[in-house]
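Letters A, B, C, D and E mark the chains in the order given here, with residues in each chain numbered from 1 onward.
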Amino acid sequence: ATALTFAWTPNPQTPQVDVAIDRKLFEKAGLDVKLVTFPSGREAFEALLGGQVDLAFATEFPAATGAMRGQSFGVVADLSRYRGSRLVASSAAMPLASADDLAGRRIGVTLGTNMDYFTSLLLADAKVKADVVNAGPSDLLPALVRGDIAAAAPFPTFYAAIKGTLGPKYEELRSDRYVVHNLVMASGATLSGKGEALRAFLGALVDADAAIAADAPAVQAMVAGHMQSAMGQGAGARDTVADTFRDLDAHVELKRSLLDLMVDEGGWLVGRKLVKAKPLTAATMRPTLADAPLRAVSPGSVDLP
Amino acid sequence: MTAARGHVAIEGVEIRFGAGRRTTVALASTDMVLRPGTFTALVGPSGCGKSTLLNAVGGFTAPTAGRIVIDGVEVAGPDPEVGVVFQAYGLFPWFTALGNVKFALKRLDLGRAELDKRALHCLAEVGLGGHAHHFPAQLSGGMRQRVAIARTLAGEPKVLLMDEPFGALDAQTRFSMHELLLRVWGVHGATVLFVTHDVDEALLLADTVHVMSAGPGRVIRSYTVDVPRPRSAARFDAALVDIRAEILDLLRPPPIPADAA
Amino acid sequence: MAVSGDARPAPRPRTRGAVYPALFRHARAPALALGRVLLSLGIVGAVWAAVSASGVFPDIIFPSPGSVWDAARELYDDRLLLPDLGISMGRAATGFALGAGLGVGVGLLTGRTRVFRALFNPFLTLLRPIPAIALVPVAIVWFGIGEGSKYFVIAYTVFLTVWFNTHNGMQYVPEVYIRASRSLGASRTREFCAVVVPAAAPHIVAGIRLGVALAFLSLVAAELTGASSGLGYRLQEARQYIRTDRMFAILIELGLVGALIDLVVGAVARRIVHWEGV
Amino acid sequence: MAVSGDARPAPRPRTRGAVYPALFRHARAPALALGRVLLSLGIVGAVWAAVSASGVFPDIIFPSPGSVWDAARELYDDRLLLPDLGISMGRAATGFALGAGLGVGVGLLTGRTRVFRALFNPFLTLLRPIPAIALVPVAIVWFGIGEGSKYFVIAYTVFLTVWFNTHNGMQYVPEVYIRASRSLGASRTREFCAVVVPAAAPHIVAGIRLGVALAFLSLVAAELTGASSGLGYRLQEARQYIRTDRMFAILIELGLVGALIDLVVGAVARRIVHWEGV
Amino acid sequence: MTAARGHVAIEGVEIRFGAGRRTTVALASTDMVLRPGTFTALVGPSGCGKSTLLNAVGGFTAPTAGRIVIDGVEVAGPDPEVGVVFQAYGLFPWFTALGNVKFALKRLDLGRAELDKRALHCLAEVGLGGHAHHFPAQLSGGMRQRVAIARTLAGEPKVLLMDEPFGALDAQTRFSMHELLLRVWGVHGATVLFVTHDVDEALLLADTVHVMSAGPGRVIRSYTVDVPRPRSAARFDAALVDIRAEILDLLRPPPIPADAA
C-alpha cells in the first residue's frame, strides 16, 4: 500500500473523509493514509508547504494566499461548499437584522482568515464602517459574552456553542455572499511523484459521495461520532453537525466558481498590502487548481476553463 | 548588688540546645559577676560556649536555667543599653559608615542636624571622620570594625559585648585596634565582656580573664590582671608571662598522633 | 562593585574567575567587546547568507539576509516597526509593573508573616509549573480580548518569579543583621524597612531583573490573541500570510531589543545593590 | 547538606535564616508541612467553590470545583488523562535531554575556549529574549509537524538556560582550585574533568534544574500545533470547544505534576552537588 | 649553589601588577636563598607582598624582573615538586579526604590498590586515617588543613609553600597544627617557605624569619632562630623573647588618632 500523510482534523464539512475512514475506502483503494490533526487549516497548509504532509484539508483562503506567494502546491478537490457563513451577536449588545446595524460597532474577527474576508465583503456591500478587531477563533465567544465585542464572525465549528451559550440573546446575520470551499490540496512533490496514489485517494472520496447521497442522516451521525471522540462528551458535536449539514453542499468537484473566488481573494489580499504581488487573473491563478487527477477519476466533476 | 551603672550578674545560667536525646549542653551552670566599668575577657577552645554565654547576656538566647540580671533588671531580649560588636559582617553594607552610625542614633529622636553631628563625632572618635560617606565594601577590615565600634558606642550602652571582634584581622591591625578600643573605652567606660581565642589579646586588654573548657562549657580558672594599662604584648611583665604560660598550658589541646598505618 | 573611593584597600588578588575570565559579560574593554560581538554576529550572518544562497531551502522557508532586511525596511516604511515596538513595550511595562509590584508585595508578606506563608506558598508553588500560555484562554474569559488579558498574562509570569525571589531573599537575611538591628534598639518597622528589605534586596533585584526578561518573553504569548498591533501580533500576522522574511525581521527585532533591555536593567540593578559586588 | 557524618563538627549557631525560617521549602517536619499544604489548598478550594457558587460568573467562564472534578473524571474515563501525561512527559524528556546535553556541551566549550566564546556568546545572547513560542512557526517549517518540531521548541528553551548557567559556572571557578590542581601536577584534561567541571557543577546543576522546569513550561507551547495528544493539545482542544472545566482540570494536572517533578529534581540535585549545602 | 634537593634561589625578583600609570609594585627587588631542608618564615603587614612572593615561587605569578631558580631550574609554572598549602578552601569539596589525596597521587601512575594504600598512609600520618571517606564539609577547619597538608606531602615535593595555612584556625587548634607540621616535616624534610601574620608562629617554627615592610614590599630585617625544636610559645627562651619584641616593634602600626571633631 502506498503511504499518504493527510493533514485533517475531525470537522463537519468534509463528510467524505469520515465515510472513507469509516468504510475503510482508503485501504480498499490500496492506500495507507496517515491522518495528522491540526487546530486550523492554516497550520495544515503550512505543513503541506513545509513538505511535512502529502495532502492537507483547508479552505480556499489559505490556498489563495499560497498561490499569491508562489508556493508549490495544487488544489486537487473541492469537497464541499458551505453557505451558512454568518455574523453573530448578542441582543444584549445590539440587534442584528442587517449589515447596517454593524455601523460603528466593534466586530471580533480572526484577522487574515476567510472570515476576515467575509466580514469585509459584508461591510463593503452595505457601505458601513465598523471597528474590526482581531481575536483567536476560540476567544470570540468569551469576548461576546463579556461584551468586549458587539458582534463576531466565528468559524462554523463555533456556531452551535455560541448559540447555546447566548441562548435567547443569540442573533445572527447570514449571507451567502461568501461560500466557503473546503479543499484538499496536494504538495508539489505529491503531484509530481505520487500521481497514482493521488488518483486512488480522490477515487475513494468520490466513492464516498455516493454514500452521502444514499444516507445523509447516517453520515451525519458518523461525522458527529468522530467529532465527539475528539472533543469529548457534552460539547454539542451533534448540534454542530446538524446545523452545518443544512447549509452544506458536499460532493467532490473542481468548478469555475472556486477559481473566481480565489482570484477575488487574491485581489483582496493585495489590497491589504500584506502580500507583495500583482493581483492574479483567472488565467494566472488557474495552474493552482490541479484538476488532472480528479479529471482522471471523475471527469464530470471538473468544470474549469 | 545593683549599685552603679552596668552591673551584670550571671546567676546559675545553663544553656542547652535541641530537645530530647539530641540535647547539647552548650554552657554548664555558670555564675559570674561583671562589676560596672570593668573589662572581662573570656578565653577557651572553640565550641566551649563563649558565644553562647555572650548571646545570653545580649538577649539573643534565653538561658535554659538561671538568669542574667543587668542593673537589677532581668535580661529578656536585646536592649540598646547592651551594645554588641560582632565578629564580622555586622555592619549594614547598604548604608555608608555614617548611615550605620545614624541607624544606632535614630531611636534617640534627635533633629536631623544633631543626628548628623553626633554620628560624625562618633566616627571621628575612631579616626574615620574622613570616611563617613564610604560604604563598608570600600573600607578595609580594620576600618569596618572601627565603624562597628563607633556604631555600638553611639548608643552609649552601659554594657559592651564583643565576640571575637578582631578575629578576622591580621596581627598588626589587631594591635592598633587594641589601642583604639582601650582609648574609646576610657572615654565611654562601659562594662565590657570580650570573647577571644587569643590569650595575649585577653591579657593586653582585660581586668579579669575567665578561662573556659569545652564539653560541656564551664569556667575552669579565672585570673585578675592588675598590671596597669597600657600593657605591651612585645614585652609582657613577669606576672603576665606567668599567667600567659598557665593559660596556654590549660588550653593546650592533646597532640595529634599519626594513626598506626 | 559599582562604587569606588580612595579609601578602598588596594585590590586584592582576585581568587575567582581569573583563569576563565568572562569575556563577554564582564568585558573590561567595551570597544574590544563590541568588536567581538560584531565579529560573532558577522560570522553568524555570513553562515546564514551562505546557507540561503546555496539554495538548499527555498526563500520562503529560510529567507536570505537580503530579503529579511527588505522586510524590515518595508515594516519601517509602513510605520509598523517602531509603533509595534512601542505598543508592545507599553504592554510589557504595564504587565511587568503589575506583576513585579504584586510579587514584591506578596513576597514581603509571605517572607515575613507565617500566616501568609502558610496560606499562599503551596498555592503559588502549584501555579509555578503552569505556563502563561496555558492561561491565555482563561485570561480571555476573565479579562476579555482587550489590554486586560495581555497585562494578566505578562503580569502572571512576572509575579511568580518576583514573588519567588523576594520570598527566598527574605528567608536568607543573615541573622547577624537582625541581631545588630535589635540590639541597636530599632523598632520592628524600622528593622523591616531598613534592615530586612535591604538585606533581601539583592534577591529581590535579581528577581525583578528576571521579571523584566520574562515580561519581554511573555509578550508574544500575550499578543497571540485579541491584539491588532504589537510585535506578537505582527509575528502572528506574518505567519498567516506566510511572510517568513517578516517573521525573521521581527524575531531579530525581539532579540536585539531584549538583549539591550537586559543590559540596561543589569546595569541599573548593579547600581541599586551596589554593595553586592558584581 | 545532604550528607552527614559523626566526624562533622557540632552544628554552629546558624547565622542565616533563623529569624525568618523557610517553612515551606525547607520544612523540618514533613508531616506538618504536608498539613500546611493541604490546609492552604483547602482554603483556595473553598474560596473557589464559594465564588462559583455565588453565580456571579457562568460555569462556562468560571467552572465550579465539582464540574472540574467531573471533567477530570471524564478525561480519566476516556483514557486521556494519563496517556496524555505520558506522551507529554516523553516529549518534555526528549526535548530536555537534547537541550540540556547541548547546553552543557556548548557551555563547557564557551566557558573554556576563547574562540567558542567569541563565536557563540553574542549570538546566543541575542537568542535569549526570543521566546520559544515565537519560534513555533519556524520550527514547523524546519522540523515538520511531527515530534521534531516539539522537541525543537522544548530543547530551544532548555538549551539557552542550561548553556547560560554552565557558561557562567565556568566563569566563576575559584582560582584556588585551578592552582591546587596545577601544583599537584594534574594534566589539563584531568584538571578539566576533575576540577573545573565539578567546581562549576553547582551552577550546571542549577541550570539543569531550571531546564527541567522550563521543559515542562514549554510543553504547552510545543503542543500548540501538529499534536493530536498530550496535555498541551488537550488544553488547546478544550479551548476550541470552550470546555473551561476541562481547561481547569488540565491546568491543575500541570501544576501538580510540575510541582512534583521540581521537588524530585531538587532532591536529586542536592544529592549530586552535596558539598554545596542546601 | 644547586647541590642538595630543594635549593631555592630568589634572584632580584620584582613583581608589579597592572600596566601604565596604574602599576602597583607588589614586591620590590628581592634576593633570598632557601637552603635545602630549612624552614623559612615570612612575616609582614597585610599587603606587603608575602603572598605575591610565595606565588612567584609556586609558579603562579611570573616575576616582572629577576628569576627564581629551584635546584638549577628556573621556575616557569606550577610544578608538582613544589607543593602548596593554601590558606583555606584549597581542598576539593567534591572529593572525600581520600579522594583529595588520591588526586595528588594520580600523576604517579600507581595501581589502584597501591594508590589507595599510599593515600591512606598519607592521611594516617596526619591522624585522619579514620576520616578517609568524609567530605571536607564534614570536617572541622583543623581537620581540613590536615588533609590539605597530607595531600600536598603525598606528592613528595622538595619545596613546600604555605600561605597563612593556619590563619583561619583558632589559637588552640593552631598549636596542635604546629606540632603536627613539625612532625611530618621531620619525616619528609622539604624546604619550607611559610607566610604568616603571627610572629609567635614564625618563631615557633622557623629557622629563619624574614620581616617585610609594606609599600613597596621588601625584606627589612632577617633573623636566624637557632633555638632547638620543640620550642614552647608559652615559655619562650630569652633569645626568642628579644627577637619577638624586636619584630613586634618593627611591625607596630602607627596608632589611630581620633580625628579633631
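Keep this in mind: a contact is a pair of C-beta atoms (placed from the backbone, for glycine too) under 8 Å apart; a residue touches a chain by one contact, two chains touch by 3 or more.
Predicted model, so just to flag it, every value in this text is computed and none were measured.
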Any chain that touches subunit C and subunit A
D
If you count the contact pairs for each chain pair, which pair has the most?
C-D
Distance between subunit A and subunit D based on Cα centroids, please, to the nearest Å.
39
Per the C-alpha means, the centres of subunit B and subunit C lie apart by a whole-Å value of 46
Would you mind listing the residues of subunit A that make contact with two or more other chains?
46, 49-50, 138, 142
Shared interface positions of subunit E, touching two or more other chains
130
Each of the following residues of subunit C touches two or more other chains, namely 9, 61, 137, 141, 174, 176, 224, 239
Residues of subunit C that touch subunit B when the two form their complex
1, 3-5, 7-9, 174, 176-177, 179-187, 190, 194-195, 198-199, 201, 273-277
Touching subunit B in the complex, subunit E uses residues 45-46, 120-121, 123-130, 146, 170-173, 175-176, 179-180, 183, 197-199, 233-235, 244-245, 248-249, 251-261
Please output the residues of subunit E touching subunit D within their complex, sorted ascending.
58-60, 77-80, 82-84, 86, 89-95, 103-104, 106-107, 130-131, 134-140, 143, 151-152, 155
Residue positions on subunit A within touch of subunit C in the complex are 42, 46, 49-50, 65-66, 69-71, 108, 111-113, 133-136, 138-139, 142-143, 146, 148-149, 269, 273-276
Partner subunit D, residues of subunit C touching it in the complex
14-25, 36-37, 39-41, 43-44, 61-62, 111-112, 114, 117-123, 125-131, 133-135, 137-138, 141-142, 168, 170-176, 178, 196, 213, 216-221, 224, 232, 235, 239, 244, 247, 250-252, 254-259, 261-262
